[in-house]
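Quick heads-up: structures coming right below.
The two complexes that follow have chain A in common; it is paired with chain B in the first and with chain C in the second.
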Partner chain A sequence: MTSTARERAAARGQPSPMVRTSVVFVGIAVLAAFAADIEITTADPWSEFGRMALGAVTPDFTATERLAEAVAMTVAFALLGVTVANICGFALALAFHVRAVRVGCAVVRAVHELFWALIFLQIFGLSPLTGILAIAIPYTGIIAKVYSEILEEADHAPLRIVPAGSSRISVFLFARLPEAWVHFKTYALYRLECGLRSSAVLGFVGLPTLGYHLDSAFRQGNYAEVSALLIVFYIIVATMRRWMHRRLLPVYLIGAILMMPGGVDISMANILRFLGSDIVPFPLRMAQSIDGATLAALGHWTAAMFTEEALPGIVNTLILTMIALVVSGIGALTMFPLISPKFFGKRQRIFGHAVLVIIRSTPEYILAYVFLQLWGPSMAPAIVALSLHNSAIIGHLIGRHTESMKIRADAPRGVNLYAYDILPRIYPQFLAFLFYRWEVILRETAILGILGIPTLGFYIDSAFADVRYDRALFLIIVTAALNIAVDTLSRRIRSRLRLKTTLDNG
Partner chain B sequence: MVKKLFLIFALLLGNCATVQAQTLVFTAIPDQDESRLRSRFDKVAVYLSDTLGVKVRFVPVKSYAAAVTAFRNNQVQLAWFGGLSGVRARNLVAGSQAIAQGEADRHFVTYFIAHADAGLRADAAFPRGIAGKTFTFGSKGSTSGRLMPEYHVRRIFGAAPDKVFSRVGFSGDHSRTIALVQSGAYQLGAVNFKVWENELKAGKIDLKKVSVIWKTPPYPDYQWTIRGDLNRVFGAQFAKRVKAALLALRDPVLLASFPRQRFVSAANADYKPILEIGKSIGLID
Partner chain C sequence: MALFDLHDVSARYNGRVVLDNISLCIAEGERVALVGRSGAGKSTLLRLLYEQCAGTASLLPQEPGLVRTLSVFHNIYIGRLNRHSLWYNLANLIRPLNKEVDAVRAIARRMGIEEKLFEPVGQLSGGQQQRTAVARALYQASPILIGDEPVSAVDEHQARMVLENINENHTTVLIAMHDTTLAIAYTDRIIGLRDARIVLDRPTAGMTPVDLDDLYRT
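This part shows the complex of A and B:
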């Protein structure tokens, strides 16, 4: 579909716009790598690493109390959150031409689910609402966007044969929806996998999912327990397509609702206090009246927040994001053949799928910690953790994409097939996925901030740890603005390169 | 679809609304042994319930801040806090009181630990040689892992830790601080002395790789804090009865969860030094 642009560029003897864009991004990543703190300070990581390795091969499934409950909760929060998000997201997708809806969706999806959870923890405490909303809200924003794109890109041919005078509702139901429905279904399943990951990760801040125990076991260095929990989680994700049947969904949903823990008091006073006082900037909260002195103090507060926390946070976040984006791209192009029928037989691909499930389902936070032990504290562990995780996701999507590709009977094999046939053909789709992931990678740097790499997430985590919600909210707004900027840029690039923008191939 | 959504929310809210108003809920900050936390603290709940004659329930939390928030929101009424988190909680909830502490908490100590390659030796005087090296605190909200070590670093060098050290990290947890310094990922760290001694006993520490180079002067740390508005719900003198129950606790199995030998009386005023240090280094507004 980009052949004309490519042909024009080729006629002028220039590389295609896609190649040029790739080169620019690699250049930015190299520059960022010079600015990044990626010093490796090894001392003797091997004893701790040995303990991790021993734990990995001797998983202890009995170490975790209430393991079954944690498994059920992980699935329940994911199902409820993703279901609510699908319903709301679908409704909003229909109204996506309204600017306010588009902006609103961009804002809610710009905030990582962990931060949503931290916000809701302040007002609802550890009630089920905290977990469900933390998943449902950002996912609604994402789903609304993706579904509206699917509707837009769906084949418009049926529209032309609709009888004149058909009502808008029938046109939608009979000409547009059937075309898009299959894409909705695939995407909803992909989202549910993401939801399972999010649900597990929310355990890190206290929800009773697998992440809760994973974090505890990891802190204590009980690596046999860690590996058991991770194996359980891989199995849930890997078997999802087997147990997730549409007809069983109502049963699962009712089960999930009944399982939600009760007994947590939701008090209006707490909600009002959070909104009306806690998140108001400190100088305003302390002021008796709004006068010159108050405004000066507020200006000082804002300036200090910006120069001391937001600015260094933005710089580190961008450096980390740009390097991780490019390394993820390289990683994805390396990994996708593992699951592609064009390169490997069925049995070998089972292994490939297992590797990719393991890499993409291991929370980046844990990957980063393992590398932190190996290489010492710098941005290097974060870069590798983020890149591995995202490589495996994009590699999975690309590998799936190659399944339906047709190759000529006389096509070359192995490396030649990869370099001269498959790679050029998947490259547009690959770039589309990668640019789509850009914003996601940016959002995920947040969780590595919690580990101590000074991204915006680090400062947000500190603000929550210090019970200073005014600062937390200020930084969350900065983060959201940065996300929206990157998202806009990514969309511009995708449309300039005429890349397909949807992610319906999961 | 919309109806389904509505139903889900109705059910959820209905589920949440079944609040047992007469239940005393307590929590404990998660910085010691977290394995089988629920089972161990559920036993403490049973003891309190039997002694006080009211329903008692334990809820686990993941962070110091989460414990403070739950206390402030009245989702827990009694909490085993650290020094700093207790001060923060009592600042936020008028009338709340520190009622009991462990004997060890009157003179708690932080150990500065160093990897052997850092070339530092144990000394009674503050080790000025730590400047310029890499350093990890524990959790950001910890008294022994953050507040006190940062205070002493600032006192000696007159500068923030990120100016004194070439790199500053927050391991998030005392056990991880030890693991990170033992592996040399960080050259130095600050750790709760009780966690250090427990891990030493458990054989997790190789003294050839990591050792204690300095001990801080003693300061007040962990304590039980109770909200001030419970007498209305649970009857007159309730806070006093809870205090008496804690001070009377002798079962070593229950005490091992904290881990303390026994509890002694405490008061808000005991933690004034922590409040002042918190303010002086900007951790409390």
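This part shows the complex of A and C:
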């Protein structure tokens, strides 16, 4: 037996690697906080808050005659996108041993659905394809990875007993698929919930989903309408497991297809121009031939792009991500007792559950949008939005985890129980969840740039706005590379600390 | 003619010798019991024998190899996956055909699990699961059956019923078991393993459990 890093550290009287890692991350976040721009720029940061709060408690369900349509569109895009992603993701999961498939999936899932939407908007305009593909493509990458892990972890024992000479597909269908199927169903439902959030947010770039109406309601300061839209959205998400029946899926899908807006022409010339010319780096597009001068110009272009846009974008994205990660962690450790039976009674926990459900069902993009209205463009709204959303998610998972924990009858209570019993026991699980969210937080951080915070998304959005698609694509590739790097680092840390590395719902 | 033929075979598991120079011949039609303490090498020997007959046997491993989320019907049906086309199998997976249900039901009835036919195996008791695994092996109807402790989770009455059915359905039977009384009653040759070696190999006729005590003595 080899001793674990933890045992060796303990023998030397040092803090465990888990504690040391945590201290390092908190240190990084503190340094990042010094470098971050967290100034509140609005003259009176709380002036709008009163009107927002009033709107929140007086939802006006009659404000938009198109409320029902917006909700139906949100569900339709989510259903179609997630269905396509499930089919493609399942097929790719079967080929996941092929390196090219693994790499391809890592790349497509490293690009956030809003960036995919921005790309497809240039190609297909506001056609249904834009929304469906923007959800389907990154989700395919995620689903392929998760499904392949599920298949890997399923019981392999039945494979030993199948009679020789059975066809490979029959064996797969009878001996491997059924066991994985249960997990596929659970995960597909979870993905649909994510898809509903993504679909709502796609409205902010112009698709006819909830985000579109939220955006215009916010702009007009019509907070009663905002609150009505959000309440309907919470209800849809919260009741999903009731209305999403397997037998009804075909009906929903046909309905969703019929609902898709038509009448948008997809121009082949447009597609070819985008792919063949628009996204080609400017110096190459202008060049008559590939010669030394062209290459020099390309080198210059790349260097300029990197130092002027990519680098500041990366720095800001990382600063914001590190702060948000650590604050999310602290938030989760503060919030989870609210829903844990080890700390509160059944009635008190209802309040805790309600708070966590609302915070985690609100996409961080919408939370950030709200705080930006209040405080003006700086990192502060983004930090608060990302941390709130992620603390609620991790807090929920940890809280649920404590439900099944056994505690001896004479255990201490309250703060002592928290510090001496529960916290040490949940800490590895907590770190696993937190590191798993790291990459998700990074993806979201990049996206919040669209709202005006100078992360990578800010430069990408500006490039799209200036019709400089070559720059946009360059920056999207940089963002994807950064995501993959953080994902790899997170996986290394998790395996070094021996944290459970796969989670079937995050 | 010898169906199985091992010559000076050794096997290691994690650096430990689990089979030490084993030589063994088993003819068609023989019913053989492997007895000995846990870790004596019975499972490894069965695995080697199964590999030798390359899939012409029904296998009952110690871990029963059931698909927990599939029904009893489907788990038994798996025994004949090789006899039907992919489409026929697929149809039965989605909606079992009457013809197949009747055939499987007859076997399930003999194993006393008929009323559980459409319940997921994961919800059955250990004994019911074991009988499902046996039913699958019977349904497979190979001439040879190789079983590792196939009656470890059922009571004696059911164990006798299971062993009778196995003997009726298979011409050559190789099973590892703990219960020496049952081994003597239902097989005609006993191979005793101790510390990775064969220490006893004789017909069961006239044998009593006391004759096997040495195998278990520490």
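In this text, the second predicted complex is superposed on the first by the 423 of 506 C-alpha atoms of A that agree within 3 Å, B and C clash if a C-alpha of one lies under 4 Å from a C-alpha of the other, contacts with A are read in each partner's own complex, and residues count from 1 in each chain.
Note that in this section a contact is a pair of C-beta atoms (placed from the backbone, for glycine too) under 8 Å apart; a residue touches a chain by one contact, two chains touch by 3 or more.
The structure displayed is predicted, hence computed values, not measured ones.
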Taking the superposition as given, does A:268 touch the first partner, chain B, the second, chain C, both, or neither? neither
By residue count, is chain A touched more by chain B or by chain C? B
Have a look at where A:57 lands relative to chain B and chain C in the superposition and call it first, second, both or neither. neither
Between chain B (first) and chain C (second), which does A:160 come into contact with in this model arrangement: first, second, both, or neither? second
Which of chain B and chain C A:68 touches, first, second, both or neither: neither
Could you look at A:41 and tell me whether it touches chain B, chain C, both or neither (first, second, both, neither)? first
With the two complexes superposed on chain A, say which partner A:173 touches: chain B (first), chain C (second), both, or neither. second
Of the partners chain B and chain C, which touch A:465 in the superposed model: first, second, both, neither? first
Go through chain A and flag every residue that touches chain B in one model and chain C in the other. none
Touching residues on chain A, where the partner in the complex is chain B: 41-45, 47-49, 63, 65-66, 80, 83-84, 87-88, 90-91, 121-122, 125-129, 132, 204-206, 212, 215-217, 219-222, 225, 253, 257, 260, 262-267, 270, 282, 372-373, 375-378, 451-452, 461-462, 464-468
Contact residues on chain A for chain C in the complex? 155, 157-167, 169-171, 173-175, 178-179, 181-182
Contact set on chain C toward chain A in their complex: 54-56, 58-61, 63-70, 74, 77-82, 84-86, 89-90, 93, 133, 136-137, 140, 142
Help me check something: in the complex, which residues belonging to chain B touch chain A? 1-2, 4-5, 8, 11-13, 15-20, 23, 30, 33-39, 57, 59-66, 68-70, 73-75, 88, 92, 115, 117, 134, 136, 139-141, 167, 169-173, 175-176, 179-180, 182-187, 204, 206, 209, 283, 285
